[in-house]
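These notes open a run of structures that come right after.
One chain, chain A, links the two complexes that follow: it is found with chain B in the first and with chain C in the second.
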Partner chain A sequence: MALLSIENLHLSIQSFDGEAQILNGVDLTLERGEICGLVGETGCGKSLTGLSVSKLVSSPPARYGQGAIHFDGHDILGHSENAMRALRGRRIGMIFQDPTTNLNPLFRIGEQMIDVALHSMGANRWSRSAQREARERSIAMLERVGIHDAHNRLDDYPHQFSGGMRQRVLIAMALIGRPDLLIADEPTTALDVSVQAQILKLLFDIVREDNIAVLLITHNLGVVARLCTHVAVMYAGRIIERGIMADVFNNPSHPYTKALLGAVPTQKTRKGTLQGLGGSVPDPYLPHEGCRFAPRCALAEARCREAVPPEADLGHGHGVACIKAGVSA
Partner chain B sequence: MLQVKGLSKIYPARRGSPAVTALDDVSFTIAANSAFGVVGESGSGKTTLTRCLIGLEKPSSGEMLFEGRDIARLSPAQLREMRARIQIVFQDPYASLNPRMSAQDIIGEPLLIHHDRLQLSAPARTDRVVELLERVGLGVRHLHRYPHEFSGGQRQRIGIARALAVKPDMLILDEPTSALDVSVQAQILNLLAELQDSLKLSYLFISHDLGVVRYICDRALLLLHGKVIEEGPVDQVFDHPRSDYARRLIAAIPDVDPAQSLHLAH
Partner chain C sequence: MIRFIIRRLVLLVPVFIGLTLLVFTISHILPGDPVKLAAGPQASAEEIASLTREFGMDRPLPQQYWHYASGLLQGDWGQSVLTRRPVAADLKIYLPATLELVFAAIILAIVIGIPAGLLSAITANRWPDYLIRILSLASIAMPRFFLALVLQLVFAMSLAWLPLNGRFPIIDLPPPTVTGMLTLDSLLAGDWLAFTTSCEHLLMPALAMSLSPLATITRMMRASTLDVLQQDFVLTERALGLSQSLIILKYVLRNAFSSTLTVIGLYIGWLLSGSVLVETVFDWPGIGLYATKAIVTQDFMPVMGVTLSIGFIFVLVNLAIDLLYGVINPKVRYQ
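Take a look at the complex of A and B:
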């Protein structure tokens, strides 16, 4: 049984404009030691998929329809808030995009970290010995993520850290409870490329050493190529292609995956020849039938608009939800 | 078109903090109808450089010759005239458009600001705005819409139309695609390449995305702590960098190539 399995997950959100259908049957599995890149354009539902795994989407306004999320035997969507609190930070760690807004500027790094450490230890936070141990753990974890002189830096405030250092602190906080699953939502988007490279290497080492699973949400395909073992491409609330990263990147089969890969300028791309993708993501408020990508797809034909294409298996777990998969554009 | 010679900018020491050298002896030349990339990490001086070029900062020393005249020495009236020749497109299309102004007002504003030079009547201004909207791939139907009704890519098109309104010779593009999805980024990059060709524009393209700079630019400059580390044609800068720093930076860019996976290295 996979560590994490998301099955046919549906999610809608009620707003003043009506009901937006955000997730339309997300299927995803993740094993220990795997780093799965979840990619797609803004608004495709990748962040909400990540938040759903730790049940951080407040409902209402959100409403889960069909589908389930299983994490190591736990039925996440059936869990109470108290049961989730026992999982978050201990079994499931999270890192978010912007390291400048995820640390409280008024508290020392140490206070914020020890707080998380105490929670993850499940210890009485007023016990001196637990506090001492939480401090020791925090120092050890900061050193592990590459912060030197950690026992002095615990007394620093967030503004005394650079962006890359703050992201390291957040990674340390996410890992301090020794989680089995790490959800990283755009962890390097706000960082410079050289810092990004360091953070990717750090995540890579942690996965190898601790044998944890990572769901990496990003729109940067280069980051996926560098770090991920697997990739899942999302479009309008559904995963339209997934598999081993090298299989998908070397042999993209869905027209959308091809278009995304073709939109990134590489060394060989000549000026003016970059393939943009016309049109825009579909409106989640509008009812729809058939393949959501059909309006932007050069290969679309009448039957694409009739029914949602089922996922076809191309071997080695490479799945693609397109009836024209493999046909060249 | 633009010649920068020995440009330095030092922010003097203040209570408790030492002086900061934001730019240190920076020199480069941008030829007419060419695209020049400026690459560097945060704090390397990219923003200070643009602020000097549009006259928002006075450099500590050095010259910035725009068609032979030093930008730092222009009178306020000359500076205003120069600013019609060099326009700027900002990074964040969500923050750089006034949410209370329609597309028509936003794109038409530079026409009003430079009215004394352009002398366009109100109907002529509307015509020009429509022409600009069409130029950037939007249309007359977008004239009365407000920024919140546009997607990120469309907003950036409006930002570009606004910059083109006064028929500049040069655009400063400050990370124009970093807030956009790759699919939209590709459209905007192609639009910029096409506009440069048809309007004979020069670009000063600021980015930390080396792939984008390589795609759009003819020459590029790499800044580190305000100093020029590399300068030359893009192929030379990216394929045969002379400094270790440039080599490391180029190696750090994640290419969409499974062959550079960290998993293969182990």
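Take a look at the complex of A and C:
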């Protein structure tokens, strides 16, 4: 059984403008040791998919419709907050985008980290020996992510660290419980270009060493090509193509994936615009039928708009949600 | 840290020169003659003239100011024209009474307002939140003297749980004066009976006075908690499995409190200068009553003494709050 499987996940968000259908049947599986890149345009629902795995989307305003998430036998969406806490920080770790806002500015690094370590150990907060052990683990983990002199730096506040160093601290916090799954939501987007590669290398060295499965949410296809074993392409709340990274990159079969990959080499294309692709992301507030990519698709025809295209299997788990899958553009 | 305090204290000097000048000028350009008022309607022109000379009010204003300011430095705060008592001696009695009241009120407001605001935020738009919001709105709308009267009616007259007014029963023995605040002094003296007696007297006026800061602190705390709950680090703390109670009571509380802190400093000044209503209703011998009496008789020296001491305390309190802010917020501390 897969470590993580998301099946036909639907999520809507209630707001003043009405109800927005954000996730429209997300299907995704992740085995131990796999590193899956989740890519797609801004607003397509990548972050909400990642947060759903730890049941961190607050509902209301969000509401789950059909679908389920299974993590190592746990029915995530059916779990209580307490049951989820037993997974968070212990079996599922998370890293977010901006290291300057994801650490609490008023508390020493050590204080925050030791609390996380104590939780991951399942230890009594008030036990002195547990405190000492948590402190030692924190120091070891900080050293492991390349923070020197860690036992002194525990007493420093977040603003005394650079952005890259803060992200190292957050990586250490996410991995201190030796989770089976790490969800990294654009972990380097907010960092200086010069340290991005460093942080990614560090992260992936640890992940491979500890055999942690990773869902890496990113906009950077180059990073996916270098680091990921698998890739899933998302469009308007659905995975429209997924499979082994090389299969998808060498043989992109959904018109959207083709456009996305076509956009990579040209450095001049602005973020958010895709080469050879007019139009924009569909409005989640509008009702829709059929393939949501149809308005922008060069191959679209009447039958595309009638029903949601089912996922076709091109072999080795290479799935494509397009009725013309395999047909060359 | 030490340098910060010294710098702030040095900054006090121009503030006080400005304050004395301002108060002095205003009180001397107001129409009316305090000496005439003090001397009474039957006084003859010579009597008034000699009184005026006695109080130095026939001299030019700059000279009067110089006399007053140099006196201040030697601890001479001038003299009341009306009672002829030295202002410094009066302040020594009345100021601690008001301070005690104001501190008790603000402590009540903090002790109730912080948890109430926190609770209001974490139950946002459910019934505890609605209840707290309605109550705090009501207490902002309700005049302080009205609450004071209601309290007296209920707790003193009907239930007879608390004394109606006053600060300490005349027949009882007050603790030896150290700070001038009876609750503190009785604790210092280890006199338990005097402590409970003074607390009983303090409770209702402090409650009446705390109403408005309580409501404000509750609302501030609610707003800043809601704001903090939206911060990324709260999501990270949740995502890494910290319990809701640890997140709220440890991590969110400190962040939310640090933005509520400045309001508390402002409120202390506001309460000090607005204590007169509550002091009147509860017959509390504080500077509010003292200053009001002085104002209506245009007795300059007490008015100036009160204004200066309120200004002084206000500045000190805000210095303390800034220091506390630095303790809570490391970014401020290291600047």
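Some points to look at:
Just so we're on the same page, the second predicted complex is superposed on the first by the 318 of 329 C-alpha atoms of A that agree within 3 Å, B and C clash if a C-alpha of one lies under 4 Å from a C-alpha of the other, contacts with A are read in each partner's own complex, and residues count from 1 in each chain.
Just so we're on the same page, a contact is a pair of C-beta atoms (placed from the backbone, for glycine too) under 8 Å apart; a residue touches a chain by one contact, two chains touch by 3 or more.
Values in this document were obtained by computation on a predicted structure and should not be read as measured data.
Superposition of the two structures on chain A leaves chain B and chain C fitting side by side, clash-free.
In the superposed model, A:90 lies in contact with chain C only, and not with chain B.
In the superposition on chain A, A:81 makes contact with chain C only, not with chain B. Touch criterion met: A:105 reaches chain C, while chain B stays clear of it.
In the superposed pair of complexes, A:304 makes contact with neither chain B nor chain C.
Ranking chain B and chain C by residues of chain A touched puts B first. By the touch criterion defined above, A:170 reaches chain C but does not reach chain B.
When the shared chain is aligned, no partner comes close enough to touch A:236: not chain B, not chain C. Contacts of A:193 after superposition on the shared chain: chain B is touched, whereas chain C is not. Within the superposed three-chain model, A:139 lies out of touch with both chain B and chain C [touch as defined at top].
For the overlaid pair of complexes, the smallest distance between C-alpha atoms of chain B and those of chain C rounds to 10 Å. Residue ranges on chain C touching chain A, taken from their complex, read 231-233, 235-244, 246, 250-251, 254-255, 258, 328-331. Partner chain A is touched in their complex by these residues of chain B: 41-42, 151-153, 181-187, 189-190, 193-194, 197, 208, 210-212, 214-216, 238, 248-249, 251-258, 260-263, 266. Listing the residues of chain A that touch chain C in their complex gives 54, 56, 81, 85-90, 93-94, 96, 98, 101-107, 112, 115-116, 119-120, 125, 157, 159, 170, 173-174, 177. Put simply, chain A touches chain B in their complex at residues 41-42, 163, 192-197, 200-201, 204, 208, 219-229, 245-246, 249-250, 259-267, 269, 271-272, 274-278, 280.
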